[in-house]
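Since the structure comes first, as structure tokens, the remarks are kept for the end.
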């Protein structure tokens, strides 16, 4: 059985659903999931399908070629097709904060994440012991302001060598360089410790405390060149009150960061997200 | 039985709780609620008490005088004392949006709000019929950019004539003038249709939609001269997704606005809020 | 322009989506909304569509006839088709509690509910003045244990006379008789003041308080003969703690009841709910 | 500096607060936290204090003796006093589920939990490798229906040998024996994978799915002899819909279980919970 996920977006036109479902029917495929969305403002059509093909003799690459030739080109589609048996390969970028790293590696070990994690990259050595505990190779890539280019080169080399599909910044605390962002467009997930767009930039819990908010949040988003301005994947919040100090905000926030980042990783790994016009379509 | 609410704040010092509770004990009073908070950063002590005195011969004004002389002056307290039998008198300022007005008047009629509503003030006549339905006097105070001063004068006159204790801007859509803000410091409650400090100013739902957030919110706050920057009383949120249009945001937001404003009114009317350093202490 | 909503469910089979969308294409219709769901356990297919037909000469009844003959009969569908211009007619059943009534009538007057409310029915006269304020005819149908049958007859007569499509029990506090339930299957919406299935039956807030829960809830559901066992439409919750008394639970619960019932009314009125196997499919 | 936490409950009487705060004043102590609660229905007074004493020559045991003699005995108090420097010692009981174990050990390693974890006890060997990763001694205590008594004896011996203060059942899936419950009254924390009291007993996610709920929950509570009936410490919920299968419920529930159990452990470890009449007072 070949299990396939298909993501499509294109200008909204008549006949798209019929064409795509017919294509799958012609392969004697069985659609197990179908959802679509039309952005009426921008007139863009989005679709996500999962289907199964029992005939193993039809090569996956052939299916892709046929789809491009017979369907996608006709409708001017941008599309991606995935073999569900191939787990996406995820790189973890960390710095000194350990709570998101523990959470992700715990979930990974418990079999909860549909990914491979071939490496952890860090500009500090602090979290190496955690990587060791979970038997994940840890790569120390230090850099200073002056050696950023060299660091970027090493990072790119690692990403390539380990055939990384997407990157997760688990409280990485560093700005990813434009070259990496360009190469991994909509494939780098960051967790920001505020309810974006409120409290962009550094020290959001301190800013939230100062403003006297009654609710704090966390936001996972794809990284773009504009800091904290990328497409939002998921957000969540928790209540605070006058009795809570900045330290309480930070501690409560850790739980938000963990859960909001984990949800984003799951959504991305299951190919449930699409990006358009700096917004996400998140199929459920 | 005299039922009294007492709010205090002052520099944190030893012996405050003992002094205040002794004062009440000397009146043969029975404390039915006591809560306090210390802002350790600013070293400020806050306390809220409710107590009952069965002796009706001790005049409320005498109790207040004694408290000032014997307790408050010693500790340098700022304090307020309220006879619970006297409901605070609340003015509603509205413009054209009716959903918050309906909600407040419905709750008021159902006996859910511990207030008197002697008047509704509006710069438009649109909502007069709603006021009529609930038998609340409706005062039409129109003004243009050029007649703002005259409008302010009429508003102030109404507020004074009806002995108003606090003002609720139920989607009033106008900026309250500095003179009124000064006279009703921490006594004007606004509802802003976003999760402040995100999306200050006009059209927050449109801005939230454009940013692609996954959660929208509403915020009730005391009005200060800085627009949307006053002390936050209450916030709440609801989830949105790519399937929701700006119109959906607005419709979902109406429920948030209703509930967040109603909660703020209740908290203020029960004297459960204190303001310090542009933040609120909200006793529960 | 004819705006039409179509709800379908049937055994899951190949070709349903294609058949339905082709049917609409043949009418030169434009699909503005399409969502489907497959219950894989029970192998049942659900679909909801909205579409527009600019040709006003094709009578709505003819479309329905064609759909039955050409599509529905082939797939063994159960289906409903609605002209969106015809608002569903809703009867409100109330007793003595006024908060849900105020909320619904406020929303109705504010144009937020896509319904007509031709009458309010009550076994008490207490809420007549509220009905009067909103100019809704109020019908007093009293009954005792012994005159239940007579009361039921009067209710049925009113429902028929006013061509009621669905009934909302706004804290009605009475058990609806089996004959009415049978006639309005999946068309009677109740609000239960607990997080069902916890705390079924009377006095749920008291039971929740006694159990020491940290969260209370409310549940809107379609009424079936089994008390509090019908298909759930919507639920929501709020936090409580040891500081809250039963009275606090009740007051906090009022807001839950209001909002959860209002959401259910909106979903039903927009034909976004389908019932199968005592569960609901709720299209968003 | 001695940092001390004091928990008190007794019949509500006049003068308690004054007596306790004077006692601390006489030790030249500085109160850093004070909160109290009165259960007006049962007339019981609860208080929690944190205070600091700079004089290290006053032995902790002497303070306790004095408090009993001078204060507690007078008011008939039940009380506990803790030296904050001594972390409570927590035993983890697990079976085969690993997600809560990973979460707790991750938090423990990240320094987020104010506890010592000297041992993990399990009736299966499956999770030994996880314990090894985090360097926590793992004790395999197998038992069958016939050897329950022997298992209990081994468990009790371990608890005593490792001077365990409280036990956490991290999805332990076994019923704790009455003898252990009696010895660790209000000191055994369980996580139940439903919104209690809904769906008690086995397979709650399956039952919730069958009932068609729109919200699922998790509940942490102290274990009593009545299964799933003990005092609730914390609950939380998440939304589900018709698109979610039982497996989705289970996966979403894992996050709830993790977070609700972690919160309960933190509250207990910080001595913020008190139990009375099968309910908890949870100081924040």
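Points worth noting:
Labels for the chains are A, B, C and D, by order of writing; each one numbers its residues from 1.
In the analysis below, contacts are C-beta pairs under 8 Å (C-beta built on N, C-alpha and C of every residue); 3 or more make two chains touch, one makes a residue touch a chain.
Heads up on the chains, UniProt names are A, B, C, D = Formyltetrahydrofolate deformylase.
Only a predicted model underlies this, so the values are computations on that prediction, with no experimental measurement involved.
In a homomeric contact, the two copies may use the same or different surfaces; for chain C and chain D, over half of the interface residue numbers are shared, pointing to the same surface.
Greatest centre-to-centre distance from chain D is found for C, with centres as Cα means.
A straight line joining the Cα centres of chain B and chain D is 38 Å long. If each chain is reduced to the centroid of its CA atoms, chain A and chain B end up 42 Å from each other. In chain B, 40, 243, 284 are the positions where the chain touches two or more neighbouring chains simultaneously. Chain B meets chain A in the complex at residues 37, 39-41, 195-199, 211-215, 217, 231-237, 241-243, 245, 278-282, 284. By the touch rule above, chain D contacts chain A in their complex via residues 98-99, 102-103, 105-107, 109-110, 112, 130, 133-134, 243, 251, 254-255, 259, 262, 284. The part of chain B that touches chain D in the complex is made up of residues 14, 17-18, 21-22, 25, 32, 34-36, 40, 239.
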